[in-house]
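What follows are several structures.
In the two complexes below, subunit A is the common chain; its partner is subunit B in one and subunit C in the other.
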Partner chain A sequence: MNGYQGRILHLDLTKRTFSVIDTDKYVQWGGGHGIGSALYWDLVKDKTLADGLDPRNVVTIMTSPLSGTMVPSASGRVEVQGVGIQQYPVNWYTRSNFGGRFGGQLKYAGWDGIAIEGKSDKPVWIEIYNDIVVFRDAKGLWGKDTQDAQKAIWEEQATRKPGEHGWTEMSNSRDGGRTTQRSAIITIGQAGENLSAFGCLIHDAGNGAGQGGFGAVFGGKNLKAISVLGTGSVEIADPAALFDARLKDKNEYAYTPGEDRPPYAFGGHGISPQAALWWAKSPEGGSGPQSCQGCINGCRARWEAGLANEASCQETACYAGFDVKKHGQGTEATHIAVDLMNRLGINTFEVWGCLAYLEALNEKGVLGRGKQVDTTLNMEELGETSFIKTFLDMVAYRKDIGEDLAKGTVRASVKWGRYKEDIGDGSLPFPYWGMPEHAYDPRLEIEWGYGSILGSRDINEHCFNWLMWDALIAMGAGKEPAASAEEWAKIVTDKMEPYAGDMQMMNYGTDNMYSESWAKTVAWHRHYGQFWKESALFCDWRYPDFVNYHRPDKVGESGKAEPIYWKAVTGNEMSFADGVELGRKIWNLDNAIWTLQGRHRDDVKLARYIYEHDAKAWELGTFFPLPVEKDGKWEYANVCGRKIDEVKWEEWKTLFYNLEGWDNKSGWPTRETLSKMGLDAVADELEKAGKLGGAA
Partner chain B sequence: MSEDKIHPVDSRNQEEPAPRERVSRRDFIKGIGGFGLFAVLGGNLARGLLLPDDVIAFPASEGYLLVDSKKCQGCNTCMMACSLAHHGVQNLSLSRIQVNQDPFAAWPNDKSIEQCRQCPGAPCVAVCPTGANHIDAANGNVRRVDANKCIGCQRCVAACPLGQSRADWNFEEKHAQKCDLCAETPHWTSKGGENGDQACKAVCPVGAISFTKEIPLQDDRGYNVNLRDASWAQLSYPTK
Partner chain C sequence: MSEVTSAPMDQTLAERFVTRVSWADRFLATVRGKRGFNRVQIYSVQELLTLSSGGAVVISGPALAVWFDDVVGDSELASAIREASAGLPLFEEAQAVLPLVAARHAEAVAMAGGAAK
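This part shows the complex of A and B:
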């Protein structure tokens, strides 16, 4: 079986047993998210389940056939799914994802993924050495932060398997496999143990699955960690083709140190292995790059200071703004903050949104000892190391305000009686399903908000967003962006099969934001994301490669490259459009699950402030450039200053549901749509529940 | 991180090889001035040349991999490329170059790259009872294992003077193996060997692996070198 290992590990934590699920039945779903959703559908009988802490909740951790292979920036990521505890008002069936080397080791151990159900009666951790799976007592690990827990496991494993000549034998036989590597571990910290919605999963120093509160989901199952080490092989259908494709990518599409660096290019495939850092000041001393397995160019670093290893992007921004505001410059407070969040296993996005909210509450005069939001937190110290240590301690151990926040910032706001006012005026910047803004305000970056509310969470897919950054950085420096707005719109929309050819799909102008073209953009984005990003597991930092400044024509490799890699590994001739179509099928399955959980189009609404207040500014100021077409002319226009018109958006939602083939009164999938995709059994279950779209 | 046992060339630090072979490296190196191109084949022929009776020496490899662990991004693509090129599968355990990482260690002590050093003294060749691990004259004297002759004694694994053995037991095909500078890579279309390309070097995204024909200084500093230049500094990484 090329790419796949043929086996999925099914853990029953209640009985502390495991069994093997044959991957063959699920290969039609591709990998990652597709297989995860299909598994959830099969394993969870009562799909009204909307409590992430319910023992019947099934959490899947799924690789793709590309995991552990040389496919650039598609080797290292792993998809996590299940019912979360973060979203509001309903804990939707949701997803998260983390990078590093866990996925590769799981494949080398002979597994395509893991499905976890039940709840252990005492803390356990799971150890996987190839096909040997052991439930181990986590008494000595419970209470440890994510770094100490991993170190303790490695230490214990080294004692049991000391190795010789620098190689660890996997069994008593010399032919049982050997390795130089340490096991790859995913673990929770104190936040997850204490069932806080801020709790996330952490692997190595800085790989995290943050959204959804899966740290608490693990904690609720009394599952501390999963360790995996493998010495097996991933079979490759055409090794020479994989090799050639990798080298072509490196030599023709990616940046290699020494060549001219494209100016003002931010994210995307061609960019350098410079770490993505948003803090104002880096830790003292030197650093070297670090990346997930197989990455074409990494996005983070390890530091001589020994702090904040593998931190990247938003987590480096999380406390940076407050730090600078307090001190006039960046300090060590930012590095200590991110290091501590990774150690305690705390979702940095939720912290970011939460601190912004607490700051707003303080400005309103309602936060403090004895006030409406009663806490001993001293907001005057926001930005200091002492503040963040105190706050994170409260969150991890549910002390003081941490107890109210344990169900998420938005539920805390409801509990304090503040929700209606604060979600109305935007001081609670949580626009979709109780999740914090990603910095890309839904009123400005259209596909971000639309896609998030039509799904289960902040989409966190930067496919079009990178190009905003390229324009922002160039224009901020007084330069022309490397691609004109028209070039950008043409190149991108040409790749958006099956809707290619409609450039209005990239017109972010206000008079176009409720158009059928935007229905196509959002639909395409979800379909593409559900398969190529979340199932095949091409990393969001490097794909899609839409516009590539290394190329004379600026056309990136996406659309052509992904099928070449897929075929080289699996032998399967899936086209780019086939993958997008499979993504549509997966998206429909997810919507079926949400429908059974109780979703109706009337619930699918962004936060009030999105409809009632103009977005005059965003995280970085009052300039947010996006391609806009007017009277046949394309330019990068500043879209700050607008809101979403609720009436027009509801009309747009109808267009979207029609395009997807869903009942536009309820938002539920119809039998006709499901049947065309071979999902009659899904239609049957919806019908039985009285939730089939279009049914009389 | 495992500590390399390599020391400056000195016969007193050599492990005692099998009884019928003794190597006195100091005199040999003195004799040839360290250039290593001397075509000594050992045994009777050696006695006829510049060397003492009990010396058997190996011609030096015409190629060496050099690495820069401070530049490495720890992506393991070199390891995947090695196993793919040689065996047609992705398997870190079958890679002849290994990268070790400690995610919590402070840079630059967070990673080490353990490539075969094609040792001039070739202890892994010296101990092989069947000649499976041999000097491959057709491929620039690379120290290479002929799998067909390997009987699986693993003396080569034990003989590697470096902390993490570069001679490795292939537990799937049941023979020893080691870096051959890509002399034999049936699953890669590029030409390898001392005059060709090496898979690990070719794929490394950051250029942390290079190739030289000169014998490196025989310690860590010789094989873990500085490959960072001004373009690296542009990425805000240190070049020292």
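This part shows the complex of A and C:
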């Protein structure tokens, strides 16, 4: 099986045993998320499970056939799934994802993924050298931060004596294994050990699987870390085709450093390699670019100062606003904050939303010593290094306010008796399933909001979002965007198979936001995301490549590139539309899991403030340009100032469920829809549970 | 550049100028990073000026004018801000309007008899 290693490692932490699952059975799901969901379905017998800390919870860490190959922006991603502990009111089966080199090492060790169940009676870490799997005592690692834990493992591995599974035991033969790499490690910090919902997984300096609270899920299993080192390789069906595609990608679709490019193009595919840094000031000294394995972008950096290495995008923004507000400019406080979060294994998104909420509570006069939200935190110091150190210490060790926050910011709000008021006025900016608002307001960038609440988390998939950035940067500077609104809508929707050609799918106008076209947009976005991004593991930062300014016609390579890479690696034909359809199948399986967990369409509601208050744009206060068509004319219109009409939203949900072939009264999958995708066994289990939807 | 000359500040307005506003009345400003942006919640004129001192801020002139009109209650300054920012690209508006705010704030602090709260 080209691209696949044929084996998935199944760890039972309770028994401290491992077994091998043949990948063959799961190849129909593609890789990544698809295989992860199928494994979860098969391994978890009681699918009402909604506590991520339950030992029966199965966590999967999956690669794709493209992992560890030279497919740019698809070689280094890894998908993490299982029931989390961060959401509200229900901890749905959910997902996260991280980059780096863990996926490549896992493949080189001969594994397509890992499924973890059970709970160890004492802290352990797992060591994988090719097909050698060892459960090791983590007593010496427990309590260490993520960087110190990794260093300790590397040190131990480098100094073992023969017979102790050290590097010295690696074969000297060419195929048996030599490597210049040190092991790739995914680990938790103190936040995960102490079962805080802020806990995330960290690999190397700054690759994090943040959303879902998987750090605490690992902590609940007494699993400190997984280390993997492989000396094998990945069989490629057509290496020449892979390299041709890679060169074509680089030469025809991507800018190189120094090459002229439209000054206002912001994100997406056709960009120069550059770090995505949101802070106002970089760490002192020089820096070098850093990217995930196989990527040509380099969206992160490593700094001479040794602070905030491998941080990117929101991580760099997390504390920056508070820092600048306090000091008038960016300071080291921002870099120290990022570094601390990565060291303690803390999800920066949850921190971002939480700090905004705490600031609001302080301004409302309900936070402080002896007040409704009783804490010793000194909000006067917000923006200072001292504040973030104190706050993160509370979170990681469950001290002071950190004890209440351990179940997530929203559950803390409920405990404080604040939830109803604060979710109503928006001071608690957590619009979907108790997860913090991304930078993109659900009332404005509606595919983001709709997709998140129909799924299990903030979707964090920027497919259309990059184009908003391009328009915003250009228009903010008084320039014309590099692509017109009509070009955007045409190029994008032409690629959205099987719904291609309906330009209204990109009409963000208020009078179009409850239309059938938007049902198609949201469905396509979920289906594309579930396969090409979460299963094939093409990186969200570069795919899909819709509008590409490097091309004379501005038409990006999405639709063509993904299948070419897939075939070059696996040898299998997978058209773009085939992949989107497989994404639909995976999406249906996920919905079946959520249904068995107890979800009903009546639960699928955004936070109250989304229905009751007009949106002010997160990014620029009053300006959020998106394509709008009116009377046949397209323009970038500022869509700020609107809210979601709850009645129309409920009607739209019916449209959406009908389009998906789900029961529009319950939102549950139907037998007819599942059968068409070969999921009769899933329909049987739903029926047995009394949760099979009626005819669509 | 516009100037705020028509209405001298009175004690009541000066007090409002140096008082923190409630969460509901906060102003949303934006910090510009190396590549992206970051929303910041502003609760006082002093905070706005501190935020802006390093030049990494983006402020919508019309939005700020509404805030001074509706929340702070300084319609003279609001008008001047509208005039100063008219026709400018968004990213240039802060530079045009903040000196007006700073001057008015200094006047208010002097009249209110102390540093801004």
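Everything that follows uses one rule, which is that the second predicted complex is superposed on the first by the 677 of 696 C-alpha atoms of A that agree within 3 Å, B and C clash if a C-alpha of one lies under 4 Å from a C-alpha of the other, contacts with A are read in each partner's own complex, and residues count from 1 in each chain.
Just so it is clear, contacts are C-beta pairs under 8 Å (C-beta built on N, C-alpha and C of every residue); 3 or more make two chains touch, one makes a residue touch a chain.
The model shown is predicted, which means the values in this text are computed figures rather than measured ones.
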item	value
Room on subunit A for both subunit B and subunit C (clash or fit)	fit
Apex subunit A: angle to the C-alpha centres of subunit B and subunit C, given in degrees as a multiple of 10	110
Touched partner set for A:627, first subunit B, second subunit C, both or neither	neither
Partner chain in contact with A:425 - subunit B first, subunit C second, else both or neither	second
Partner chain(s) touched by A:330 [first = subunit B, second = subunit C, both, neither]	second
Subunit A residues touched by each partner, larger count belonging to subunit B or subunit C	B
Which of subunit B and subunit C A:313 touches, first, second, both or neither	second
Touched partner set for A:254, first subunit B, second subunit C, both or neither	first
Per-pair minimum CA distance [subunit C against subunit B, superposed on A] in Å	9
Set of subunit A residues, in rising order, touched by both subunit B and subunit C	274-275, 282
Touching residues (chain side subunit C, partner subunit A) in the complex	20, 22-24, 26-43, 47, 50-60, 62-63, 88-92
Footprint of subunit C on subunit A - complex, ascending	266, 274-280, 282, 313, 316-317, 320-322, 324-330, 356, 359-360, 363-364, 425, 427, 439, 475-479, 616, 618-623
Footprint of subunit B on subunit A - complex, ascending	68-70, 75-76, 101, 104, 107-108, 147, 150-151, 165-167, 174-182, 204-206, 231-236, 239-240, 242-244, 246-247, 250, 254, 256-259, 261, 272-275, 282, 285-298, 301-306, 309-310
Of all residues in subunit B, those that touch subunit A in their complex	2, 70-77, 80-81, 83-85, 87-94, 98, 100-108, 110-111, 114, 154, 157-158, 160, 162-165, 168-169, 171-172, 174, 187-190, 199, 202-203, 205-207, 229, 231-232, 234-238, 240
